[in-house]
Amino acid sequence: MSFKQKLFEVIQPGREDQTLSRRFDYFIYGLIVLNVLAVVIESYSWPEEWFRQFLRGFEFFSVLVFSLEYGMRLWTSDLLFPKKSRTLALFSFVFSAYGLIDLLAILPFYLPFFIQIDLRFVRMLRLLRLLRILKLKRYSRSLKLVSEVFSEVKADLAVTVFITFLLLIFAASIMYNVEGDAQPENFSNIGQAFWWAVATLTTVGYGDIYPITPLGKLLSGLIALLGIGVVALPTGIISSRFIEKIQTRDQHKNTRKTEDEICFCPHCGKKLKESQK
Amino acid sequence: MSFKQKLFEVIQPGREDQTLSRRFDYFIYGLIVLNVLAVVIESYSWPEEWFRQFLRGFEFFSVLVFSLEYGMRLWTSDLLFPKKSRTLALFSFVFSAYGLIDLLAILPFYLPFFIQIDLRFVRMLRLLRLLRILKLKRYSRSLKLVSEVFSEVKADLAVTVFITFLLLIFAASIMYNVEGDAQPENFSNIGQAFWWAVATLTTVGYGDIYPITPLGKLLSGLIALLGIGVVALPTGIISSRFIEKIQTRDQHKNTRKTEDEICFCPHCGKKLKESQK
Amino acid sequence: MSFKQKLFEVIQPGREDQTLSRRFDYFIYGLIVLNVLAVVIESYSWPEEWFRQFLRGFEFFSVLVFSLEYGMRLWTSDLLFPKKSRTLALFSFVFSAYGLIDLLAILPFYLPFFIQIDLRFVRMLRLLRLLRILKLKRYSRSLKLVSEVFSEVKADLAVTVFITFLLLIFAASIMYNVEGDAQPENFSNIGQAFWWAVATLTTVGYGDIYPITPLGKLLSGLIALLGIGVVALPTGIISSRFIEKIQTRDQHKNTRKTEDEICFCPHCGKKLKESQK
Amino acid sequence: MSFKQKLFEVIQPGREDQTLSRRFDYFIYGLIVLNVLAVVIESYSWPEEWFRQFLRGFEFFSVLVFSLEYGMRLWTSDLLFPKKSRTLALFSFVFSAYGLIDLLAILPFYLPFFIQIDLRFVRMLRLLRLLRILKLKRYSRSLKLVSEVFSEVKADLAVTVFITFLLLIFAASIMYNVEGDAQPENFSNIGQAFWWAVATLTTVGYGDIYPITPLGKLLSGLIALLGIGVVALPTGIISSRFIEKIQTRDQHKNTRKTEDEICFCPHCGKKLKESQK
């Protein structure tokens, strides 16, 4: 096995069986978590100047590691797509979901050298690199189940979202007319009324905006009760698909089992012919 | 194909396979969305006079288009109901759900010419015309599933709503007696207590009205916990029907499949006779 | 049919097929709803003295009707329990759920004549009489389904409630220690902290009491997230039973159908003997 | 039966059939509940000195009883693990879940004699001893069902929690950037923004912190709507497993039943041979 081949094995995520590959994964994940922690800490006012400098140094070091890792992934991309040509494999990696996330994790650091923009916030996107964890065998099946369910209920959920949106905009425009005169500062336009409608239908209810007229309270109560249905509908849709998925899986198991229970002839003990499928 | 026939094909919604019909749909949907946007923008205070004039002009144009479209639908209504007579088809369209929605979208504009009322709010009802989108093939099956489930659980949900309402009015009258003395401005009558009960049971909890006495807090906590059951019950009802629907559909598939697996005679290999159903 | 028999038929609730019985039901239901409305109206301050007098008169009239009805039910109780003796039937009715509710609806009116207590609030209990509506055929099946599901999940729900209660009291005592020093007026004792815990776990969140220390916010966030599980668990339990119930019902249908699909002998066409069950 | 054997039978929890054992359980449970109540009461300011002294005396008595009980359990531990040696049985009990909980219930009382710490709060942990109630037959099956479901959905829930956490930290860092300038006191750092994100996604919405800028409200609305999905997903996962569990149990019953319905030979009436499984 060449050095390139070995390197490729090490930097591939989710190879739990190889000690070095696992350690490399842990190192990268640790670096990502610490980086996110650094962004969180920087947002506070208590860190003194020397600590801020240290955090900046740490970020510099992280980007260096991430850049190096990105380079290695670029180099070994032809091993990831063995059937594709060198150039095509490179492109395939760069524009794959993980490839783009990796680029996003280092690009914001280099950009300010060329153009003058504040991309501090984008550093948070490094968090996306943690999604690699889901490549671990024990999670990949769960992720597959969840994503399969979501892709199957897409159309059903779209209808739900569409009806919910119509409900929200209606509620907002009605309440704007009903409450607008009583509290012109809170329901001054449909946009604010929409904000109230979302807070009510999702049952968040911050309390910064709520109806004060009897009619407004009546309508608000109705919308809040409808909110229960809005929660129940997607829950029902998602649940039913989960159950279908799990039962189909179980049925496959059962089918395989019954294959051993074919009928036998009572006289000679031979297997009875089955239909030719 | 006559011109009328062609026109009918174009203005029918949900014909994705015909370029012209699809474009016509997009044009109408775009007009509806822009109209709703115009109502939202008008509710704000920032638009200057010239922009308000432009919005009024745009509404005038939209109503013109919608009126023309309504006229065309009236004219081609006999093609929509080919088995009915000319007059009956006209009536069938005008009093169909979509026909009424279409009328509602233009009528508010013409009414003020005859009677003196402010129907600005009703313009929001134009949004309902967007429901036509659900006629698209990819959504119509979802909509059918959702509406079938709802029509089947109607009685079950009615019982739930009835029990919920009893719970609300009891909670309201108890809390009116318990909290009425401690905070006469918030729990001054059962109506206000009912408003509190709805906000608590649906877990919205705006914070404009809440118990302050120990007994009131105890009862409020109980009602909030019961609120979980109130959410769980309709969710369970709706979920169970979704699952039933999906499994019945799957069972039909399975039944068809097993038809190929009929038993064969072990001696001659002929198909065994099935019962005469 | 004797007069007593006829009267019994009329006052029995849920006899939709008999015009008189249906009208009697509607009359009683109407009276109950108007009575509850009267209690609600009396709680407001706007009704003038003459209207309050009218409401008192109306209540007097209602109690009279209800008393008369109760008497008739007592008289015909032997027809409700035809197999029991006269006295036993009377007792059976008086101590049945509906009998007690009926008594509760009139008793509070007569009690003040004997003892000096304010039982105005108990008038709300008349609302319970509306539960008779659930005797209607179209709702009784739903009610049976809902109550069967609840009686089956009793033990499962009890475990959930028990764990939820432990969670609440733990959360309360921890938060009392964590937040007690920072806001002594809000978290002054475990009782208040428990109130906060209920408001958080049920996601009501009135906003009258919330953590302000970082540690308190961290714990509060955890409890709120656990609250999702607290909602998911009973929903899952209730849903699964609903589904089981509906599927068992469907299976019975299927079993009956397959009885027509018994195997037939390929030679003589006679039915093959089935096992002697 | 020796005295030790008899004692062991009595102190074993969940033996409902034995009067003495049941009474012992009730006594211990009562003591635990009263102890927790004492901690709650002590947190209030109204109890006078003599009552506080009484509560302290009661706690002293309880710990004495619990210590005695713990000693008895230690002594009879070899009967709990009859196949293990004396010493191993002792260790098995001490480090079992219930053994540790029992120790935790008395240790905090003795510790202050050796080291100087305030362990008053830990007294709340005595509540954990109530978990023994779940050993009762009627609850143990429910508990087993619930815990089995949870252990099976662990991986699925982990993926959900992971995605939820990513969503929270992203929402927090975005809102910190969006709202930070408008309300520097509320969104002063990512930690506070995270607190807001949790309160919004779980739909608690205390109202102590909420967006005021239009962009912030838009994002907040989106996150609140996503919160519905966050509730629906675990509910769907948990529901589907509950249903699977219950159906598998039912299927076992059905399988047993069909064993009586084996085919019989149409000619001689003998049972047809089944496949040798």
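For reference, chains read A, B, C and D in written order, and residue numbers begin at 1 within each chain.
We take it that a contact is a pair of C-beta atoms (placed from the backbone, for glycine too) under 8 Å apart; a residue touches a chain by one contact, two chains touch by 3 or more.
The structure displayed is predicted, hence computed values, not measured ones.
As for how the two copies chain C and chain D face one another, under half of their interface residue numbers coincide. Here A-C and A-D were compared by C-beta pairs in contact; the pair with more is A-D. A straight line joining the Cα centres of chain A and chain D is 29 Å long. Averaged Cα coordinates give chain A a centre that lies 41 Å from the centre of chain C.
Residue positions of chain D with contacts to 2 or more other chains are 191, 203-207, 231, 235, 239, 241, 243, 247, 263. For chain A in complex with chain D, the touching residues are 36, 39-40, 43-45, 121, 124, 127-128, 130-131, 133-134, 138-139, 141-143, 145-146, 149, 164, 191, 194-195, 198-199, 202-208, 230-231, 234-235, 238-239, 241-243, 245-247, 250, 260-264, 266, 269. The part of chain A that touches chain B in the complex is made up of residues 155-156, 158-160, 162, 166, 169-170, 173-174, 176-177, 188-191, 200, 203-207, 210, 214, 217, 220-221, 224-225, 227-229, 231-233, 235-237, 239-241, 243-244, 247-248, 265, 270, 272-275, 277. Within the complex formed with chain C, the residues of chain A that make contact are 203, 205-207, 235, 239, 243.
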